[in-house]
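For reference, chains read A, B, C and D in written order, and residue numbers begin at 1 within each chain.
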Amino acid sequence: MYKAGIAGASGYTGYELIKLIHRHPHLEIGWLTGESSAGQNYDEIYPVQWNYPLISLDEALTRIEEVDVVFLCLPHAASMEAVKRFYATGIRVVDLSADFRLNDAAIYTRWYKEEHTAADLLQSAVYGLCEVYREQLKGSRLIAVPGCYPTSINLGLYPLAKAGWLGERIIADSKSGVSGAGRKAKLEYHFVEANENISPYNVGHRHRHIAEVEQVLNPANGKDRNYRVLFSPHLLPVNRGILSTMYVEVEAGVTESQVWDLYAESYANEPFIHLLPLGKGATLAHTVQSNRCAIGIIPADPARPNGQEYIITSSLDNLIKGASGQAIQCFNIAVGVDETAGLI
Amino acid sequence: MYKAGIAGASGYTGYELIKLIHRHPHLEIGWLTGESSAGQNYDEIYPVQWNYPLISLDEALTRIEEVDVVFLCLPHAASMEAVKRFYATGIRVVDLSADFRLNDAAIYTRWYKEEHTAADLLQSAVYGLCEVYREQLKGSRLIAVPGCYPTSINLGLYPLAKAGWLGERIIADSKSGVSGAGRKAKLEYHFVEANENISPYNVGHRHRHIAEVEQVLNPANGKDRNYRVLFSPHLLPVNRGILSTMYVEVEAGVTESQVWDLYAESYANEPFIHLLPLGKGATLAHTVQSNRCAIGIIPADPARPNGQEYIITSSLDNLIKGASGQAIQCFNIAVGVDETAGLI
Amino acid sequence: MYKAGIAGASGYTGYELIKLIHRHPHLEIGWLTGESSAGQNYDEIYPVQWNYPLISLDEALTRIEEVDVVFLCLPHAASMEAVKRFYATGIRVVDLSADFRLNDAAIYTRWYKEEHTAADLLQSAVYGLCEVYREQLKGSRLIAVPGCYPTSINLGLYPLAKAGWLGERIIADSKSGVSGAGRKAKLEYHFVEANENISPYNVGHRHRHIAEVEQVLNPANGKDRNYRVLFSPHLLPVNRGILSTMYVEVEAGVTESQVWDLYAESYANEPFIHLLPLGKGATLAHTVQSNRCAIGIIPADPARPNGQEYIITSSLDNLIKGASGQAIQCFNIAVGVDETAGLI
Amino acid sequence: MYKAGIAGASGYTGYELIKLIHRHPHLEIGWLTGESSAGQNYDEIYPVQWNYPLISLDEALTRIEEVDVVFLCLPHAASMEAVKRFYATGIRVVDLSADFRLNDAAIYTRWYKEEHTAADLLQSAVYGLCEVYREQLKGSRLIAVPGCYPTSINLGLYPLAKAGWLGERIIADSKSGVSGAGRKAKLEYHFVEANENISPYNVGHRHRHIAEVEQVLNPANGKDRNYRVLFSPHLLPVNRGILSTMYVEVEAGVTESQVWDLYAESYANEPFIHLLPLGKGATLAHTVQSNRCAIGIIPADPARPNGQEYIITSSLDNLIKGASGQAIQCFNIAVGVDETAGLI
């Protein structure tokens, strides 16, 4: 049995992580931290029966021997220092923030407008997109869990990119449930503002998550490509779930069945990829409350079969496959237990 | 044409009032105040094309001659002083807060835990439940617009109370959309917390709105009754609308058709009361986006016809009939224009 | 490992049951039936990866040796004959319909307007309210899983009834998510009709579920009481979850702490009862996606402590604790495995 | 005062039309038809107080002299014959179906898989996109009200197309509320299926509404262009509203301020176009419950100012500007009353 510490347990990803750990045959809760909630019990901040005390990060560091792995659910920038301190103790670290996802500190700074204060650790961190970097994850001690949007986009496009068939211009129109914005009392997430509404934000080439997509897709085929992603996130009036509708072109001459076979082979043994029949679109209902990513491949024009334009749809639960579930999946791979443990 | 000033225009009731005034044949916008938003234009705080500037309350008082009526959409307690200052200028005042609804300052203090600093005005204020106090509203210069919950309960029970048929024990189980809580960034109104949820709050004999129900029902029959209202508000995952499900007993011997006839006669000429056929329940869909109150009367037990137990259901739009629409209706009556002007 | 057959697997409770069985350490899917869907695979009727074939009930009966238990998720009346046929094979039967919940065929007929064609089995059936009838469930071969509404009401009131402290007049104002109405294409469950709405239906002494409440509460104290339940279900714009807000009176002289202690002791060892601190109300968020029932006890009037009026709130997930989860819990008890298996 | 007949009044667009007519200073209800509901009153099919009888289409034709204009809210294909019969009486006809929107019967047949049985009327019909075809609408006796999706797309792109600056490849990712699918009891529109979900459907070059976009944009600049629209509609869990997120390229060398000025001038006097500041995206909240279309223009890449890629967002209420409101606006223009009458 492994004991897990969770730093930053008061947000939605922390909450989800606890639920998953309760179901996990090899994991149990060690301690939880929550800076602004330190001193409270968990049942004071969520409608649950779990009366875990919330401690401070400093106290957690003094109790590092009580746990076997630390999951960090802290905001980006705040996570950098915490990861550094936990990692230095020799413990396994699974970071759900953005701070160790980009392997180039300069790119991090360009997108996040922060100096990276633990740049030397970037090369030790494995980007935890399990279906792509499974081998690197085995035994790894520092894992950067991918962002929710990039996971949906990268899993939807990686087979094409790896095959070298994916055109460099990508448009990803993504829709995310409100939990993706975190548990923050801001007017834009007020029920009356978000309900019966849908809002685009940071559209075009503006959202930080673009960097993770480019980092995964550019080298996928061995040759260095230069993908250009127009990414349009929208705030959707649902609690959880992301749907990415992606507009891409494949190389001329590649047929629809070649494309589909490529995905079918790439994901043949993946327990958490649900590849839909050719022409069917993914929906949130395919994946919400699960660790799956559903992928639907739709040739754009039925009147021009085997054309170059495709619409790739990809859905996942932003709190599970897009965060805490993938974190557990990474952990399972890293320590060598059944990859699906706790995730069914 | 009358010009309206709106004090506290940045909340949901202010926003709704502006929409109603735009449609009103005899009303137009004069100035708008918004303390924390003063200096901004209205299109900076709401997704609208209306670029009205928001001014301070102090400035509004210097521009009192520009308007013919002031609607106040301020929080309770804050409204007291503002009403006093506006009223002193001689202008007509329609107050949407709770501050002038109760005609007894001691009762106000008991429920609101505030001293009433304008108690001398309480006797000048008319409680604007139009269907009950229409005569008093004619020509009135200080109107207290009723609360949303009490409007739904009082309109649902007044005919029975007036007839002297209503038992003193009343249970009102009410469900309200989130806009009823105001435009405040609080965690409990965050989309993820309120969506796919329903929460009781301040249930029993705790919520301030009980005072308005007792004030209306107790004297309805001429003799002073002593109604006792158990009131259970619930936060409902919809933007707007209130449904009150009320459990009451009528006097022994009164038949179902007598009850229904009583309501039919009481509300025969009411443009905004929608009396449903006997046995049908009111729903939000009957009234949302309108100034109507729908009332459904259901004898409790089909196996015991003409029994004493009834379930009275009453629905309205909390922002319209429960606030800004009723404010306009009060104004229409007060100045003597068509009562339905701007409200169809 | 036990193999489960599911009859009527195409509805929401069947779907939920499959998910729970996938997580269960001692259960796996045998066959699934779906009359109108027979011949299709499960992934044709739900957005899932499970390609179980759906067979007919007749075929299932010829393949009875492939399973160890049959769960029936058929509509009431249809379930009677199916239960009879399965039970005759000697297999363990867990029926989620209403057909075997009432132990008196005459009462069944009065509420359901159907003759009971398997009345001789009624005495063999155990009513599966686990917290109340756990002993009877052990080893039982015919289990009637309680209705969703009655589970919320009975768990909320049973301790008081058992203690003999509960007044006979009960008002239960219940709110249920739309999945409670089943997977049927009817206009009243159309998104546009149900969303941003709440509708009372069958209120008063009309809904069939009242019979289950009276059957549980009347004999709870040993002496035969005659509880009278006014029950008002409302259709709530959420996918899942039931909240029952119950208005009751306790015996004079019983204090608030006596009431709370009574519940605390009654449910001290119950893994799926979440008793809230005195004065706190239950919400859907306490229980949705879990097998828990949350219970909140609120004295009605803070100005009259230790009075007789209480508001008891009770919430559960109608598809889990109100149906499929409780079915699994019953099965676990019946066969003697850990009662929480598959339900965490 | 004009009297309006409504054919097919039982759907959501008919319902909305009645509400708008009630507010209209120059229009009132004549008769309503509803084939399957004929013989019922309107308050039997909707939760309203309007007890208009529903008559059959045949009866309506015998009572043509009672009305001054007929609005048809029938399904496509069914509308063809009805329009022919009404038009033959000499009355003014406003058709909300798709049957007279395309001016080429062959294109109609290609997309709708139906022969056009009133092709001779196509040249008499004016396509009622008011902001583009206002002159043609004046005095017109046969008006085809545009589709909801095409209205959002065409209003968002027309200025660019007219200026000749719009590249021929257009991607429109649209999201529509469920009322757009009509008042039909189908499983996919069941609350539980649509809520907490988003589903793409008919994506690519498949949806019939594409024909209306190409018909408007191709000739906009005088020269015949050949626009190619990838259009991806999604079913959104809201009652009403459409957001179209459009990915386009403008001619090289055109600056951002030129683009914005173009829109500002094109729509300077349009009462129902809400042009947002450059860089702001449209949301449903900008337009729901109004006859407005909000348009937001966002250059794709802040790092490459004055580039060719733009994201144009456009929102409207599918039942108002996308159907019944635009129908009224067309009528207002046709008969020469204030274009905004009944629409504020």
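Just so we're on the same page, contacts are C-beta pairs under 8 Å (C-beta built on N, C-alpha and C of every residue); 3 or more make two chains touch, one makes a residue touch a chain.
For clarity, every value in this text was computed on a predicted model and none was experimentally measured.
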Remotest chain, subunit A as reference, centres from CA atoms: B
C-D or B-D - the one linked by more C-beta pairs in contact: C-D
Distance from subunit D to subunit B - Cα centre to Cα centre, in angstrom: 37
Subunit B and subunit C, separation of their C-alpha mean positions in angstrom: 39
Centre-to-centre distance between subunit D and subunit C (centres being mean Cα positions), rounded to whole Å: 47
For subunit A, residues that touch 2 or more chains besides their own: 193, 195-196, 237-239, 283, 285
Contact footprint of subunit C on subunit B as seen in their complex: 171, 173, 175, 177, 193, 195-201, 203-206, 230, 232, 234, 236-241, 243, 245, 247, 281-285, 288, 296, 298-304, 309, 311, 313
Complex contacts: residues of subunit C adjacent to subunit D: 12, 177-179, 183-187, 189-196, 237-239
Subunit C residues within the subunit A interface of the complex: 22-23, 47-49, 196, 274, 283, 285-286, 289, 292, 294, 344
